[in-house]
């Protein structure tokens, strides 16, 4: 598709790293290709969900997975897309100190709707969580 | 059930407001009853997801919904529960400045698994997002 | 809304009971009101999923829940709607001989998308499964 | 894992083709390997969901996806597993006359819970629907 080649990595990176909450999380663009994206982030202590600070909040993983799915479509469409729904499966907890890698992949890109998958792994390459999201491509 | 009466609001509030990420979000316990909980939070500018800072990140709503579903079960079990999976439907964007109210309700509490629903509304009472989560009750 | 009053029960019933697979399942319209519908079906032995024929296939419950969510929107829109995605939680097995009652309720009806909830209970009023579906309202 | 080699294709096929509803659907085992399974079925006219009989009921796809995910785990565990929850994304309608192929793959197999993915394609190799399910492995 012609239009997918128009989205350069600089645009994807700017859209990823400018929003306030993305900056607070420290999201980094590792790689962008048409329909696929890799994003990294480091788990700080202030992201923990329990009284003992032993594991990272599932909402952080959900956020990272949502962003990865969204940006898989961004690589083809060049604009951020509203998430319509998101489903997350938690497989193993993330720990403070973990460097997380999220890979997002387009499953289907339609004129009004897009589906994308996302996987988060830790530094050992263990899958921590997987997600599938539905995004609105109508505004793109 | 006898054991549900053992979880007092102080315990629920301590579990809610002690974790680092919950404190950063500013989660507040509004009300706790057996199988139901209400949690509030204010949307700061640093929670926004777009370049213009016009709307709050969906991952924040996912986090709040996850916590509300989890704490609906906490009111009956007295300990935080691992989320197994979570499904979020986004209905309307949250805006910076919004005060969000999340209501979590137990759908089913089994010996090893619990299902809970959660709804987030804004100050006008508009539904912004709904979720359903599956939680592990085995450790409780 | 004016248009919701235009969908009479006869139209809803015809849309429900004409399709071939609905007839094979024996779906019956119990009640239709704007945004809400009740559908019944009897569980025959040929719907079982295990070697011993002891429980009804989860796919049957998924189908009934999907239809209930869809027809909650049909009561307002007067046409069948494509399901975009569906999420089912199984709480208890249905048994051959059970008479199932499915209640579908509109969560949100937008111009292009609708969200509906559905619950299936058995004759004892026990919840067997719950679902939430996203439907395309664009063609309505 | 030693135990995965104990599940021979005959056992998988017997578990797949004996249940009454599976027989009615005409499910066929195409291939079974540890953690992966392929299942085929033909779409008869009586599986249609609309008044015109133009497309196959989404509940049929949901059933096929559920079975494919379940049997991906059956190839490793040798017994049918209860579905805890299932999430289906519909991408394109199936038509009467289509021969469907469902591939199920294990995402994670734990002691009490298993996650599996499933994809249904038609004879042209087009993806019609994808799903992710959570299954109870506790009884296996």
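Which chain is which? They are A, B, C and D, in the order written, and residues in each are numbered from 1.
Throughout what follows, a residue touches a chain if its C-beta (ideal position, glycine included) is under 8 Å from a C-beta of that chain, and two chains touch if they have at least 3 such contacts.
All figures in this text were calculated on a predicted structure; none of them were measured in a lab.
Trainee: Count the C-beta contact pairs for A-B and for A-C, then tell me which is higher.
Mentor: A-B
Trainee: Out of C-D, B-C or B-D, find the interface that copies A-D, where copy means more than half of the contact pairs are identical.
Mentor: Matching more than half of the contact pairs of A-D: B-C.
Trainee: State, to the nearest whole Å, the distance from the C-alpha centre of chain B to the C-alpha centre of chain C.
Mentor: Measuring from centre to centre gives 28 Å for this pair.
Trainee: I'd like to verify one number: the distance from the centre of chain A to the centre of chain B, where each centre is the average of its C-alpha atoms, in whole angstrom.
Mentor: Centre separation, chain A to chain B: 22 Å.
Trainee: Indicate the whole-number Å distance between the mean C-alpha point of chain A and the mean C-alpha point of chain C.
Mentor: 34
Trainee: Give me the residues of chain D that touch two or more other chains.
Mentor: 84-85, 87, 89, 134
Trainee: In the complex formed with chain C, which residues of chain D make contact?
Mentor: 14-15, 18-22, 24, 45-51, 53, 56-60, 62-64, 66-67, 80, 82-90, 93
Trainee: Taking the touch rule as given, give the residues of chain B at its contact with chain D in the complex, in rising order.
Mentor: 84-85, 87, 112-113, 134, 138
Trainee: Which part of chain B faces chain C closely enough to touch in the complex?
Mentor: Chain B reaches chain C through residues 87, 89, 91, 107-108, 115, 127, 130, 132, 134.
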